[in-house]
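Paired with subunit B in one complex and with subunit C in the other, subunit A is shared by the two complexes that follow.
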Partner chain A sequence: MKLRVYAIAYLIFLYAPIILLPIFAFNDATIIAFPLSGFTTEWFAELTQNRALHAAVQNSLIIAVCTAVFATILGLCAARAGAMSDFPGKKGITGFIMLPLVLPEIIVAVALLVILRQVLGLSLGNWTIIMAHVLICTPFSIAILNGAFGALDPSMEEAALDLGESRWSAFRLVTLPLVMPGIISSMLISFTISLDEFIIAFFLTGSNPTMPVYIWGLLRFPKSLPVIMALGTILVALSVILLTIAEIFRRRGVRRAGGTDTGGFL
Partner chain B sequence: MAKFATLTQDQTRSIKLLGLPLVYALLLLAVPLGAIVLFSFWTQDFMTVDTTFTTANYREIYDSPIYGLLLQRSLMVSGIVTAVTVLLAYPVAYFISFHVHPSKKSIWLFLITIPFWTSYLIRVFLWKVILGYNGVINSGLLQLGIIDEPLTFILYNVNAVIITLAHAFAPFAILPIFVVLEKIDRSLLEASQDLGESKFSTFLRVTLPLSMPGVVGAVLIVFIPTIGDYVTPELMGGAGGKLIANMIQTQFLQLNNAPLGAALAIVAMLCVTAISLIFVFLNRKYLRGRT
Partner chain C sequence: MTDLIKLRGVDKYYGDYHALRDINLTIRAGEFFSLLGPSGCGKTTLLRVIAGFEGVSGGTVMISDKDMADVPPNQRPTNMVFQSYAIFPHLSVGENVAFGLRKSGLNKADKASAVEEALSMVGLAGYGKRAAHALSGGQRQRVALARALILKPKVLLLDEPLSALDKKMREHMQVELIRLQRAVGITFILVTHDQEEALVMSDRIAVMFAGEIGQLDDPETLYRRPNSRRVAEFIGKMNFLPGRVTATGDTITLDIAGFGVTDVPAVQAPEGATLGEAAIGIRPETLAILFDGEKASRHEAAAVVDEVVYYGDMTYYDVRVNNVPEPLTIAMKNMIGRPVLDVGAQTRIAWDERAIVVF
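Let's look at the complex of A and B:
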């Protein structure tokens, strides 16, 4: 019982900052502090006027969609290989691919900056961020898809092969539909990570900032803070919706493949 | 014989499939990491990079006190954040694994992971709103009459950095511990209690040692990435709360001294890796000492 109280207090601690977001987003004052002074939707209206923000959001959306697709393709390869038989060195290779999960993001950022700018002399742009985001999202994708493939019964695909399907069509017709929820979940998670990622994007962004880089610039101007609160409210709402959908699909995937749910993305 | 042949075929396919993500990771991780190692032995000569091999960057890091100070502070902050996060997270993971009905477990995990996925920058900034001079905590305590003037030790210093980072990494600590607790055979706990151990000593002598791999995972997954965060110290740390990652960022993006920045990044990584290895080793020794 005491533990339950503690766990609930812990949840409140986790959610404390997020709960404040909508409160200040609708508060009729330029200073982000209590006491509240009144209700307004002015800050949301201001969001619709800001051209630079729109450009940044558009950039981030392009990057996030590309990242989601590419990271999931790589994750699919790795998770499918993971479900197949072992070969010497497989564990080491998988461990290396999963490395960005624990590597400090600044290390990934500076390493890529050095190779792209100083060694190859390329100019930075959206594609450089996409490359880096695919690198950090792939481990998450693998973790999710491993759950989907791990619970899969291999005899189903074997049955399709025995019945005369080619290897590719057996995969497409039998395995792919079974892991599809995992694929959707992986794409949504990668999309969310990429959309929110700042540390790497700040290093690798070209002349057009992504949304978090743009927000970072705004944080220095006290006048723009209420607008950030409004933007944050929308972002949090969006992430919660996307994650809920991702979670529903992830669970459906594990169930469809015949496994029991162990919960959690990691 | 036939079986052996199909097995190798399966293995080849597995290797081919793993090839694509491996090549990607090699090109975008191994090669760039190699490049910064190389760079750290070069020097910046105004606009160009002097490619003569030298340990000048490492000597500069060793000689100027500022880098040592920042590194020490970073390691201390990461260490405290890790300890706080894991200690606070363990009971929650324990509660979800042992006291929550199986059908409700994934809802709990989902609730815990949600805040982690929401805009990191804005979350850090909101801690400023909570801890600030006119912040939620200060105005609340003032109104309740508990304090007479706003507390100042909770913003723009190392404390603020620790609170914010501990909040940001909380889910990272809960999940690995939870996964390991879930795998513990419940009959072992019954056996221990049947043999006369109290609930508490069962926890100390059975559950805790069995869950140590999860605790180690949680420690590593919090400790290593926190060293690379420059957002929180920049926004929350004030002048006295800057960390090594801020210095790396400054060297690369403002001072345009990539070789020194690369050397700093490598030194920071080496320190973190060394501490992590020592921790893993000590934990192995502890677990072996018990059996």
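Let's look at the complex of A and C:
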């Protein structure tokens, strides 16, 4: 009984702020407070008018797509090397690759900023954010793809080789389709992480802010709070949808490769 | 028969581990050859060396008198049926079977008829459209066979293809495989740790222990004249009695504990006989319990039944004979009018010096 009370309290604590988002996004008042005063879609309409916001969203999308692609390619190489061949120092290297998973983002951001600006003297732009996002997304990609490769019977690729295919076409014709659900899942998760990421983007952004950075800028104007609520509602919905799709693909991948599920991120 | 595969002094190391030790082996075209041995003795490794998935650390592998050192697996005239079958789950049965034909240059219609032919060869005619992941174990195994055989390899390598099947299915597939091998005339190399399977199916069997070949012979020779005690112990069951060799030459004179003195020809000591202590091997089915009034054609000894194991068609008795330290196992066929003895029963047993092997 007691335990149930705790569980419910915990769930409220966890999800109340998120539930408040759509409530106030449709509330007809500029002040974020109860009681609610009426239903409106005005804030959503305002979103469609905002040029600066559109530019920020576009930036974020470019960064997120590039990050998803690069992180997944790197993850694919690492997971494949880990699954197929044994080489000296494999354990140590794997550990190092996974390190950014637990590294505080602020440290990564500051370190990158120092190196890019002070040491290399480069100017900041979308590509610097992409690089940093690839760094933090690759471990997730590896973890997902390790699962996909781990469930794969190593004799699959050998069988293709045995039937006359070259190493590359054996990989392309057999391994790749079997880990494809993992690849899609990895891309979706990297995309979501990059789209929502604030700290690194805040430090490394050039003249064009990303969407989270733009939202942070809006917070200075109390009047625009409901608009942010509307935007937040859309983002939460999008994240939930993308992560759900990613999880569906990840599970399908493990099943297709014939393995048993050992748990993912969701 | 011409020689197809020759291995000369093949060594294989995994790091420090010596997995294959100086393997010399000749496999003839068209034969059904088995690699038999306990788990971890290197059967799979040897098969993968022949297929080209593992390089050798020393020695040469020749197929049709061509050195295979620089030939990758996709260019060797071998095809493999993997232990897990490795059926591609994202393709249909037909696409699986047709996989090896991608580079063949056949047109669509020819490919389709080749696939249908291969599928009907393994008893799966009309299964082409099925999804591969929905097949039973036995069906997967057949698809793997069809997929390998469609390329008409010189050698088909099979890594414990029947071990995942239940007993009935396994026995059925043993017969099917023999029939298939005779029909296609392709050399089969079968890896198995099941001695019965090897005896039933093979023209010749190589028995491996710890990376070495212990004996290479046809099934009957292997069973009747094992060349060492470890082969004798691995293939079938054998009783061992302590004994002494008291004279050597063309005939060997033996003094066997509990059985007495007898002469055997020198061929019954495959390792050669030296004066002094020897182990005398006798198979359970070459001994017999003598029931009321029966007489031994050669020799007999008194015994007490120590254990009875009833198998339906057979009864296995463990009996104690005076001066023999271990109980002897005797296999008796159950026949009409022949009783099953009880533990503790006094009886006589018959033995034949022609059936013994001296180690």
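In the analysis below, the second predicted complex is superposed on the first by the 253 of 266 C-alpha atoms of A that agree within 3 Å, B and C clash if a C-alpha of one lies under 4 Å from a C-alpha of the other, contacts with A are read in each partner's own complex, and residues count from 1 in each chain.
Note that a contact is a pair of C-beta atoms (placed from the backbone, for glycine too) under 8 Å apart; a residue touches a chain by one contact, two chains touch by 3 or more.
This is a predicted model, so every value here is computed, not measured.
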Next on the checklist: Quick one: is A:V236 in contact with subunit B, with subunit C, with both, or with neither? Answer first, second, both or neither.
Outcome noted: first
Checklist entry - Who does A:V69 touch here: subunit B (first), subunit C (second), both, or neither? => result neither
Next on the checklist: Looking at A:D153 after the superposition, I want to know if it touches subunit B, subunit C, both of them or none. Which is it: first, second, both, neither?
Outcome noted: second
Next on the checklist: Contacts for A:L124 in the overlay, against subunit B (first) and subunit C (second): which applies, first, second, both or neither?
Outcome noted: neither
Checklist entry - Is A:W216 contacted by the first partner subunit B, the second partner subunit C, both or neither? => result first
Next on the checklist: If you tally the residues of subunit A touched by each partner, is the higher count for subunit B or for subunit C?
Outcome noted: B
Checklist entry - Looking at the overlay, does A:Y6 come into contact with subunit B only (first), subunit C only (second), both, or neither? => result first
Checklist outcome for this item: Listed in rising order, subunit A residues that touch subunit C in their complex are 153, 155-156, 158-166, 173-174, 177-178, 256-258
Checklist entry - What part of subunit C is in contact with subunit A in the complex they form? => result 51, 53, 72-75, 78-80, 82-84, 86, 88-90, 99-100, 102-103, 133, 147-148, 151
Checklist entry - For the complex, which residues does subunit A have touching subunit B? => result 3-4, 6-7, 10-11, 13-18, 20-21, 24, 31-35, 73-75, 77-78, 80-81, 84-87, 90, 93-94, 96-97, 99-108, 110-115, 118-119, 131-132, 134-135, 138, 142, 189, 192-193, 196, 198-199, 202-203, 212, 215-216, 219, 228-229, 231-232, 235-236, 239-240, 243, 247, 251, 261-266
Next on the checklist: So in the complex, the part of subunit B that touches subunit A is made up of which residues?
Outcome noted: 7, 10-11, 13-15, 17-22, 24-25, 28-33, 35-36, 39, 49, 88, 91-92, 94-96, 99, 105-106, 108-115, 117-123, 125-127, 129-130, 132, 134-136, 139-140, 167, 170-172, 175-176, 178-179, 182, 220-221, 224-231, 235, 245, 248-249, 252-253, 258, 261-262, 265, 268-269, 272
